[in-house]
Structures are given as C-alpha cells and as structure tokens.
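Structures given as structure tokens follow.
In the two complexes below, chain A is the common chain; its partner is chain B in one and chain C in the other.
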Partner chain A sequence: MTAIARAPTAVVVPVPGPVPRALTWGRRNLFRTPIDGMVTIVATVIAAYIGYRLFQFVFVTGRWDVVRVNLSLFLVGRFERNELWRPVVAVLAVAGYIGVWTGYSRTRTTAPIPATGAVIANPENPTTLGGGAAVIGAVAQEPPPPSADEASEVDDEGATPVERAVDMLGRLWPLIAGVLLLLSLATTGTPWLVAGGTVLAAGGGYLLGRFVPTRALLVVATLGLIVAAAYFLWVDPFNWLGVPSSVGKALGVIAAAAVAATAAGLAFVRRIPAALVGVGLFGSLALLILLTNAVGWDDWGGLMMNIFLAVISIGLCFPLGVLLALGRRSKMPLIRIVCTAYIELFRGVPLYVLLLMAGIALGFFVPSSITPGLVTRAIAVFTLFTAAYVAEIVRGGLQSLPRGQTEAAQALGLSAVRTTFFIVLPQALRNVIPAMVGQFISLFKDTTLVGGALGFLDLLAGSQAATRQGDFRGQGLLGETIPFVMLLFWVGSITMSRESQRLERKLGVGTR
Partner chain B sequence: MTAPATLDKQAGRPPLWRDVRVLSWTFQLAVVGLVVLLVSWLWGNVQSNSDRLNIDTGFDFLDQPAGFPIPGSDFRNNQPISDAVVEGLLNTIRLAAAGLVLATLLGVLLGIARLSGNFLVRTGAKFYVEFVRNIPLLSLLYLIYLAVILTVFPRPVDSWTLEGLAVLNVRGSHVAWFDGSALALIGIVVLGMAAAWGVGRWRTTVAERTGQPARTALFALPVMALIVAAGWLIGGYTLNRPELDGNRVSGGIEMTPAYLGALLALVLYTSSHIAEIVRGSIQAVPIGQGEAANALALSGFQRTWHVILPQAMRIAIPPIGNQYLNLMKNSSLAAIISYGDLTKVTELGVANRSPAVPAYALTLLIYLGVSLVISLAVNIFNRRLALVER
Partner chain C sequence: MSDRDQNTDVEVFADATQMGGSGEVMIELSGVVKRFGKFTALQNINLSVGRQEVVVVIGPSGSGKSTMIRCINRLEEHDAGRIVVDGTELTNDLRNITEIRRETGMVFQQFNLFPHLTVMDNVTLAPRQVRHTPKKEAERLGMEMLEQVRIPEQARKYPGQLSGGQQQRVAIARALAMKPKVMLFDEPTSALDPEMINEVLDTMKDLAREGMTMIVVTHEMGFAKEVADRVVFMADGQIVEVGTPEHFFKDPTEDRTKLFLSQIL
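Then we have the complex of A and B:
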C-alpha cells in the first residue's frame, strides 16, 4: 500500500486559482524542492559573478585596441592589399547567387514535388501513386534537387514581410551579431561598404530570382559566363600552379564554354534548378581563378584562409567520401577491402600528425620535379582525412535505408547506377545531413591546425601574431585576441549547425 | 513457373562481355591494379628521393642516440631514439588516460545538468556546451596555456595553495598523490570492485528469491571501501601532500604547465561533446519508460538508475567511444605547446636527422594501434551492454 500512497508525489499537481504565470514558472523551474531552491540560490550567485566579470572584461578592462588595429590581419592575413577587390567580388557574387536561389525557390515551388526520387506510395501526392511508370517518370523529369531551397516552403507561406524578417533574425542572429561586431570594430569605411554591398547583392539576387522570368535569368547567367570565358582567354588563370599558359587558357575557355552551353541547354528544356547548379559549379571555379590569379594561394591568411580551406576541402572530400562509402558497401570483395582499409587507416590517425607529415615528408612521395605549395598540401590532407569520416557517415545513411527501396528500384528495371544515384543516395544523404554538417563544422574548426603544423598565418595564428608586433608586444594581450578569434569561429560553427537543423526539419528527416 | 529456368538453360551462359561475374572481377582487378600502381609509384618516389638525398628508408635510425631532450622528462640525450618513442607514447597515454576519465565524469555531469529541472542549471550547462562545442580545440588550448597558465598563474613564491591538496604556479603544478606502487593500488581497487560486484550478484539473487529490496549499493560499497582501505593500510601507502617552501615545491605529483594546459583543454572540449551525447541518449529513451517507472511508484533515483540510464547508456556507448578516440588523437595537439608526447618526439627526432618518412610512418602506426585498442575495448563493452534480442 505504501507504494500506491507514494505515487501522487511523482505527478505534477496543477496549481489551482489565479496564481501569476511567472510565479508558477518560478516554482516549477527554480524552487521545486528545498534542495532545488538552494541550488538556485548558489547558481544565481555564481551566474551573477560570472556575468559581472564578463561585463567588466568586455566593456571596462578589456584592451580591444589590438583587435581594432589588426582587424585586417584577422580577416585576410597578409593578402596583398591592392588585390583585396578579388575576395570582395567573390563575397558579393556568392551573396547574389544565394539571393537568386532563395528568390527562385520561393516563387517556383508552390506545388510540392517529391524532394527525392524515393520509390514511395505517397497518399498525399497522387503523382507518385500511379505505379512504377509514374515513379520513373517523376525521377526522370525532376532529378533530385541539390539544394534544400527546392523543398517546399509551405510552412512559412503567407507570412508577412515583417514576420519573415523576424524569422530571419531569429535564425541567423549569431551571424548577424558577428558581422555587427566586426563592423563596430572597423576603423575605416571599407568594411561597411562591403557589408552594405553584400546585403544589396543578396537583395538584388533575391528580386532577380523572384520576379524576373527564369529564361531571362538564365540568359543573364550565361552571358556572365561567356564574359568570364573571355576573361580567362585574356588572363592566364593557372600560371601560378606551373601549368603552361596556353593549356591554362584553353582549359579555362573550354570549361566556361561547356558549362555555359550546358546551363543554357538545361534552361531551354526547363531544368532550371540543374542549370542554376551548373552556374554555381562553374561560378565557383571562376571565383577560384579570380581569387588565385596573379596572387596564388600561398600568401593567404586570416579568416579568409580558414573559410577557403574548409570550402575547398568540403567540395573535394564529399564525392570521394561517397565513393568510398559505396565501395565499402559493395558486393565486390576486393573493392570492399581497399575502401575499408583506406577508411580505417585515416580514421585511426591524428590529423595534426598528417599535417606535420605533409609539411615535411610529402615531398618524398612525389617526383622531385614537383614541389606542391603548402596550401595544396593542406588541402590534400584535409580532403583525404575528412573523406574517410564522410564515408563512414554516408555508410550509416546507406545502412539506414530499407532494403525495399533497392528491391523496388530493381523490380522497376532501373540499372544499378540509376538505383544508386536516383533512389539510394538521395535518401541516404538526406538521413545523414546533421552528421555530415557536424563533420564539416569540425573540418572548419580543424583548419586552425595549419597555423601550428605548416606555419600559416590563419585566423588563430593571427591572434598570436597580433600581440607580437608594434606597440602591443609583451603586454599579454592574448587574453583579448584569442577570445575574439573564438567568437568568430563560434559564429561560423553555430550558424552552420543551426542551418543544418533547419534543413533537417524542412526535409522532414525522421518524420516520414 | 519453370519457364525462366528453361530459358536460362537454352540460352546457356552469356558472352564474356556481358557476364556479370567476369565484368565484376575485371573491374575489381583493374581497381586493385590501379591502387597497387599508385602505391608502388609513391614508394618508388620515396626510394629515389631518399637515395638522391642520401637518406635511409629503413628503421635503423631507432637505435641511434637521440641527441635531443624531451621537455618535462628525465630522458637523456644519449639514449636511443626507440627509448624516446616509448617515452613519447607513455606521455601520450598519460595525457589521454587522465583526459578520458575526467572528460567522462564532467561530460556525464554536464549532460545530466542539461536536462535538469532547474532553469539556471539547465541554461548554464547549455551555454557552456554550446560555446565550447563550437570553437576549435586549438583556440581553447592556446587560451588556457598561453593566456591563463603562462600569464595569470603566479610566480613560484606566490603559488596558489589549496590546503595541502594542490600547489599551482607558472612553473608547474603539484597535486597530492600517494607514495607506493601505483600498479598494486590499481590491483587493490580492481579487487575491491570485483568483491563489490560479487556482493551485488549475491544481493540480486537474494532479492529475486525472497522479494526483499536488494539494497545493492548499501552492501557493496562498504565492502569495496573496506577492501581498498585495508589494502591502503597493509600496502603502507601514505598521502604525499605538496608543500610550498620558498621558491620550491616538494611532494605530490608534478604536472608541467604544458601537461596541465593540454589536459584542461582536452577535458573541457571533449566533455562538451560527451555532454551532448549523454543528453541525446537520455532523451532518446522512449518517454513511456519514465512514465512506466512513475506508474510503478519508483523513486526518482530508482527511475533514473534502473530504468532510464541503462537504456541511455546502450545508445551512448558507441558515440562516446568515438569521442575517446578523438580525445586520444587530439592529444597530439599538445605537441604544439611543447608537451613531450609521441608527436613532439617525432617532430624533434625528424629535426635531429631522423629520416622523415619512416619516422612519421612509425608514429602513424603507433597511433593506429592505440586507436584499435581503444575501439576494441569500446566494442567489447558495447557488446556486453547490447540488447539481447529474443
């Protein structure tokens, strides 16, 4: 009987009567039991003390001049100051591109289309119900969109602009706060101009994507690419890599022409998303050439270098990782052994040692005529290392997929390649978005190792270099510069992680 | 339904270029051939480059005198490099093992705090976890080592003392430790744990037979404490407290500033990751389990200890094992602040004319071996905990 008598204590008894909500909340969350109350009092004292010290540090005792004066060192390192227009153009172009995608996907996806080529009988979407033919048709007509913006935005359809702005603020507040912090530290007007230009480019791109007919949009993009091709014909894009000038020019022009033609062709047959992806792929190549032409990439530094290393390595390791995962799951024993050995080898060793080795011992593994630059070495290590982790994540996604999906695809007569790329991979990758983004975040954070291992002046190394020069030498200012750098990395990581959670919700992972 | 089979027979085997088995093996052999070609090309380059520069590619360098000291160790210059590698590995293990234990304790605590009913505790833990998880480990290491330990810690004369338990200063930190054989003490503790486990089994049997409350902890913990205390007394162990004497600190166990910095950074960083895993695993236990425990009128402790945690642990073990691996691999970052771990020893060795390729290959192999040992241990533990399906 004692057991039954004890039972009600475990149930939260609703407080009757007109008790203020704050009081109820406080009683539940702060003073549930006497011990809880004591914890609350102690925690309040500690929190108040920490808050007070933090406030003191940020607004009174902190000597932030070192950050203010060295802001450009933190952001771009020793990048040639006369060539800074290149990264600025790159930032504007990326902002405009994202704007176009957002604007495009807001208007053009009112009718929900299957986000992946999954063989499912979806009762809410009659187009996929008509048996195999309809499914194959859907797969053939609408290749899986590579960007999440394509997925239906039904959830916030019909929101007023103000609501949307508030929503945006809640979503991106760390990023916005970080940018505002940087702007508040700026001593010249240039950062303000760049930030304003970025907002304008994103807004312009949004309007373009939303209100201009898609054909016209694609014509503009194609024209831009042709201009880029002409530019590559004029400059010598790869000379800093040691490629002969004629080969470099030819490569640039052929790539530009091919992708421009593909984009135009896809636009003509109304594969707008595919065309936009083509423009994006080629655009990033064009930006890479723009950024490195005449500057190379060995003198980069600061936050720019961390972002650049992360972006390039992510772009390269992702396909390699997917291939390795497919290989590890393959029915062919030799392929499986090779892939498994690669993955386990790279997952078992520290990245830092690999980077050290790349700095010292990589020269031994290539013919003596080639001496790869340090950035090239770093990218190679990051790519090879992260690919092993990506492979394990993708393998998890592949294993989570019901066998029925593959069997259904086979029953419909899809070839092995089509089954893999249109049925299996889109679903498997969707399931592992959070883990994948987590891996990319840790890659972004790991780019700080290049400072210690290869002697780059990246953002973190800059935090020490700043305290060692001029008037700031020997004043113990690391207590200011390192937290500032931490904050910048935090902004980058938390933004990626929050956006991945949002993407996950939008794609309905785990809910269907 | 025999039609397909008949058709098959009539058609016989398909021609070679459409035979799946032939195609598959051709493809596999081609890939393996490419891999072999790549590896032999790389190895050929190593050979020719080493010959050109007159560098050895074997492991003979291990027997030569090192010619460099290891920071924070009594390793002598004229000992062979193989001794230096062993010392480096031991330093890595010292750092990783201590980090592993502390990170687990702090991480589990934070993970539970993240789910506390108390708003302040919950929010504080959230702030901590969300901040530390999203910054680079190296920045934390620099902050703790360069900006705190080397800047804020006092000179030896003004050491911070913690009533005979610890003495902290910029030259090194001393913590109270015991005198006597560590291995024997571990043996005694293991013995005590085994005895406690036996008592627990006995109490469970009694509880199942009689229906009386098991009260496992009430019986087992005193047994264990008794055995450990008896071992401590019989073994003649004494507590060695650090004492400040002017400029010098005597007694206790010394931690170099680099060790303390690396340990703190690793523990803080890894614990934030473990906390997220613990929180996620507890939340992943179906809510009905807790409700069922409430309905059975289990106390809060019983509900957590007997119902929620065993199921959460099952989910949490593999990812926490991954974090252990990460911690071990991340301990190589301590080399940046000159802690004499395996990585630092290799760096020093290569700087002192050890051949780079074999030296780094050996280091990678050792790390790989330690990784395999850790993942093996986690796998065994995981298999013991795994759900036995009917």
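Then we have the complex of A and C:
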C-alpha cells in the first residue's frame, strides 16, 4: 500500500531528496528554540556516552567466556545430558504442531466464501430495485465481482510469501535475534541442529496444514492420536508422581481407549479443528510423560526450567482463574464465599513467601512420604497464586460486558452455561488479553524466585553458580552473567507481549 | 385517584379480553404485579393477546411498557399474577421458562447482537445450541431468515460492520430463526437514525402480514395506526386504555390518553 502511494509522488515531485527533508525535520523537531537545541545536544552527548560504554562493555571489556563455557548450564542446568533428546523431541513436536495449526488456519481464512446461490453474489442492497430476480439473472450470466470488503480481505491475506516472511521477521525479531545470539555462543553443533530442526518442523507442519487436503490431515491427526495412545501403553506413565505402577498402567490404558474412541469419533464427523485440538491435548500429555518419566522433573534446570514452570503454570492457572472469576459472580453464596476467600487470601501473600512455605514449612504439616516433589510444589504455588490474579482480571472483563448480551442470549433460550461459554466468556476474555498477558509475563519472570526459595538451579541460580566454579571463581563475573539472564528474559517477555498484541488485533476484527 | 382507576381497571379488563387475531389466546397476563424494591413498576396488568394478533403498546417513558414485555419471557420476574404463553404458565420451573423463551422471540432497543460472531453465527447460534439443528440445516434456515429481512448478502460480516438498521434486521432474523410463535419488540426503532427506521418497520410489517403474533412497544404512531389490531396505552404501571387504532387515535375515552396523544401528535 505505502509503496504504491509513494511511487507517484517520487515521480511527480522532483526536488526534495532525503537529505533536505531530514534537515527540515531536524530543525522543526530538535532545534526549534535555543532551549530545544541545548536539550538536544546534551541528550545526544549523554546517549552517545551510554552507547559508547555499552559498546565497550559488550565488545571489548566484557568477559563473555563465562557465558560461552557455561552455556549448557544456563540453558538446561544439570539435566541428564543423555536424556536431553527428550526436551528436543518435545520442542520439535510443539513446533510442528504450531506449524500445522498456522497452515491450516491460513487455508481457512483464504478459502472462498461458499456462495449460497444468488445470495452472496450481489454486493448491492437487494431491497432496492426489487432485487431478487435481477440478482439471479446476473448470476446466471457471469461470475459475480467480489464486493469491496471481500476484495480488501483478500488483499490483506493474499500477501506474497516474501512479504509474509518480512512481516514475521518484524514481529519476531527479538526472539530470532536471541536464538541467533545463543547459537553464536554455542561451542558444539548440537544447538544448530536443534534450531534448524525446529525451523524445519515448523515449516513442514505449516506445509502439511496448508496444502494437504482436509481428509489426509485428518488421517495424520488420527495417526498422531494413535501414536500418543501407544505411548501411553508403552510407558508406565505416572510412576514419577509416585503412582503405583499397576494403577499407572491402568490409567494409561483408559487414556489410550479414550484416545482411540475420540479419534474414531472425530474421523467420523470430520471435525478437523477438534481433531487437531484432540491431538494437541493428548500429545501434550504424552510429551509431558516423555519429558518426565525417565528423569522426573526435579533435576530440571536452567532456562528450560523457567520456561517449563511458566508454561505449565500458565496452562493450569488460566482455567482455574476463569472458574474462580465465574464462581465469585455466582448466585450461590457458598461458591461465592469460597472463591472470594481464595482470591483475597492468595492476593494478600507475597509469592516468595508462598514458595518458601511450599518448600520448607509444608514439611512441618504434611508427612514427607506423601509430599510431592519440590518442582510439583513450585508449579502448584505459581498456579494457585497467579490464578487469583487471573480471576480478578477475568472478573473485570465479565463486568465490562453490557447486560444486554446475556439478556439477548437468555431471550433466545440459551441455558446459563451456554450463555457463559458462547457469549460472555469469549467477549470478556478478549477484552482482558492485555492485562492477562501482563500477568503471564510477570509469572514467567517470577520463576526466577525458585532458585532462592527452593534451591533449584534455574537460569538465574545457574548464572550465579557459574561465577563461583572452576576458572571463573572469584573474578566478579556477575556483571556479565546477570545482564545475559536479563537479556534472555527480556526476549521471552517481549515476544509474549508482541504476540498478544497481534492476537488482540486479530480478535478485534469485526467489532470495530 | 383510586375511584377513577378502579373503574378504569374494570373497563380495561373488559376491553382487553376482546382479543383480535384468530380468537385463540396466545398470551395471557392476569393481575401481573412487578416491583423494583419499593417502586411498583406494574400494578395489576390484565391483557390477553390472540394468536396472530398485533398489539402495540404506547405510553410515556417509565410507564412500565418495557417491563411488561420483559416479564413475558422472564427477563424480569413478576411478583404476583399469572403469565401464560401458549398454554405454558411462567413459573419458577426452569423447564417452563426455557420452553417459553424458545417460543418467544425478542428484539431489543439496542439490538444486542453478539459482536464476536458473524451475522450468520448470530442467527444460527440458538437453533444449533437450543434446538440442536445440524450446522448445514441451521445455515440454510439462517439464510432464509436473512432473506426474509432482506440482508442475505451480509451473512459473513460482523455486526460492527453493519448500519444500525441492518443490525436491527439481523436481530429480527436471529429471533425468527428459532421459529417463535410470538415476537416481542422493545422499542425496536428508538436507537436508530431516522433514515433507517423505515427499513426496520417494513420488516415488522411483513412479519405482521404473515400472521406473526406480536407485541410491539414503540413510539411510531404511524406503525400503530397501520398495523396494530389493538393499541394499549400504559401509564404509571397500569393499562389505562385499550382499543382499536381507530378508536384510540380518533376518539380516546380517558383523559390521560388524550393528554398523551396531544403531547406527541
């Protein structure tokens, strides 16, 4: 669009090149009055000095060896190196899954609107000119021209692959830059293989979702479910949680039966999105077992642990928070009181103290034979804590909905449950995306508390440990490792924030 | 006050029971009372509406018109009296409430379309979720309804992309998609720009012509004169006068009605 707009001006107006324009701009915005000029000069000097020192630190004085040598400690902590293929498989699977979804949703958005006879054909209002017959005539003669709106939509979606790649770069550059930085620090080829494999998996998934026809995709989805089911049967899925082997296997068989039944059912009704969601749910369960059944999760560490804690806790606290928000607005007093009490209790306690409580004080109240592992406890604390905040955010969203929405749904005969799930929640949740993602980012950053509170070797703790061991001991290298940690967290947070803005814009379509 | 009101009640009751339409009772309100705290919004409302009858309710704001029709599908709970819709009495029994809401379509002043759903999804949501109509069948039905309100070409848009008049017609289509026996209109044109009022009124006239039982709360006197079988005038939570449009606009009995008509005509 902008390119088209610019081209003619460049042709028609010959004189103003870029340099005079920049000068005019500078004069107008930076040196309008003497004071403006002074401020500009002083600020430039300060900025230049800071930039110089930063450059010096990053490229000259900084001793980044500590990061390079300990990179694996930073990323995965003391995770058993022989088992590292498990998280790698998980990452590849998730990338491929996201790719399939993306590709699939692209086919959906660009698919032509199924024309029901004459109806869609006429962009004009058929009430004028006694339309019906004329419209049908027009259809019989020639294919209808797309209406203005349809055309613009096609324009939006029909960007060339290059444009889309550029768009993606602009969107994800912090993440891409972060990954490239990590790769540049790598001393072995494995990280390159993993990164390349992830990109390939995502791309392959995308192509699969985009170009493989619906029914074939369904076959793939069903196969995925069957693989997941087989995995349930093959391993003893819950032994790491302390569940006896026989019970674990029984649960595995039940899960497998559920998977098979669901797959058959979905194949029968040809519900692709549902099939994909099913694959996602069972797949993530299978991945979780894959990740933990040999190593447990108490030996996790590094950035991997921070991400893992954040992802699991976000996944768990979101539904819990929504339920709490609904409960706090319930008409039944008992439910309302319980939910309100829960929310106010957890919002009133510092997270760090809760983690300490879970790690240390829990042992005083509960016999050690039945206490779950420390990581499980950490996940529980993060989930319970964040759910209280999520509940309040969601409640705000619920209250922002006009009453007419529920009234309209009731007047149509929708039950209270259906009204909540089809009308109220979709709108309420969309309205609170910014606050909600803010809370999730906060949770992601708060996972650094586990090092201090529970003694895990997460990214932050690892970065501190690195300066205390081997050749790097006593050299004051925290000045290098801590900024590195900050950078990695910033990359994660900014990516979440930008993606949420995109989601917001996407869901805002049509409600302008 | 009391003396004249007593008379009015008796008279009105007599009047109101003479239904139009096919002669069968579709909606019956007897002795309906609704209070909001200490304020009595409806006192002793008696009204019978016949099958295929069009009743237009007029009156000053705050007179209880909206509250009355909102009681009929239980958006407000009445405190006393009986409300019977097509043989089903409105009680606290959830099954009865659902039954009545299914048979009763409602159109609101503010449209209340679901902004996160397309026009087609707005129209098909209730048939699919409440009547469990399969998707294809529901969309065919939905398209039929949108054709009836003359905006089938907007099916894939979102409500926010339509004009007020179009939105209100979608709202009518959404209510019709449940194949209701009764349609309730709560000031359907009051939130519209003047140039869009007629498209909505025309749709409602079509509906009346097809024999839909309708209760319409409105300030559109032209519509009342043209379409109504009976006009109900309400003030201060009571039905003051009921009559045919001819009687009502040419020769009203009650002073309160005369005053109101002189103010608006």
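Convention: the second predicted complex is superposed on the first by the 426 of 512 C-alpha atoms of A that agree within 3 Å, B and C clash if a C-alpha of one lies under 4 Å from a C-alpha of the other, contacts with A are read in each partner's own complex, and residues count from 1 in each chain.
The rule is short, and it goes like this: a contact is a pair of C-beta atoms (placed from the backbone, for glycine too) under 8 Å apart; a residue touches a chain by one contact, two chains touch by 3 or more.
Computed from a predicted structure; not experimentally measured.
Judged by the touch definition given at the top, the superposed model places A:172 against neither chain B nor chain C. Looking at the shared chain after the overlay, A:415 reaches chain C, while chain B stays out of its contact range.
In the superposition on chain A, contact is made by A:460 with chain B only, not with chain C.
By the touch criterion stated above, A:404 is placed in contact with chain C alone, chain B being left untouched.
Counting residues of chain A touched by each partner, chain B versus chain C, the larger count belongs to B. Judged by the touch definition given at the top, the superposed model places A:423 against chain C, while chain B stays out of reach. When both complexes are overlaid on chain A, the residue A:497 reaches chain B alone and has no touch with chain C.
In the superposition on chain A, A:476 contacts chain B only, with no contact to chain C. When both complexes are aligned on chain A by C-alpha atoms, no chain A residue touches chain B in the first and chain C in the second. Of all residues in chain A, only 113, 116, 119-123, 125-127, 147, 149, 402, 404-405, 407-415, 418, 422-423, 426-427, 430, 507, 509-512 touch chain C in the complex they form.
Within the complex formed with chain B, the residues of chain A that make contact are 3-4, 6-7, 10-11, 28-30, 32, 36, 39-40, 43-44, 47, 331-335, 338, 345, 347-354, 356-357, 360-361, 363-368, 441, 445-446, 448-449, 451-452, 460, 463-464, 476, 478-479, 482-483, 485-486, 489-490, 493-494, 497. Within the complex, the chain C residues that touch chain A are 73-75, 98, 101-102, 104-106, 108, 110, 112-116, 118, 125-126, 129-130, 139-140, 143, 146-147, 150-153, 155-161, 171, 174-175, 178, 199.
Of all residues in chain B, only 24, 27-29, 31-32, 35, 42, 45-46, 48-50, 52, 117-121, 124, 130-131, 133-140, 142-143, 146-148, 151, 294-297, 299-300, 325, 329-333, 335-336, 343, 346-347, 350, 356-357, 360, 363-364, 367-368, 371-372 touch chain A in the complex they form.
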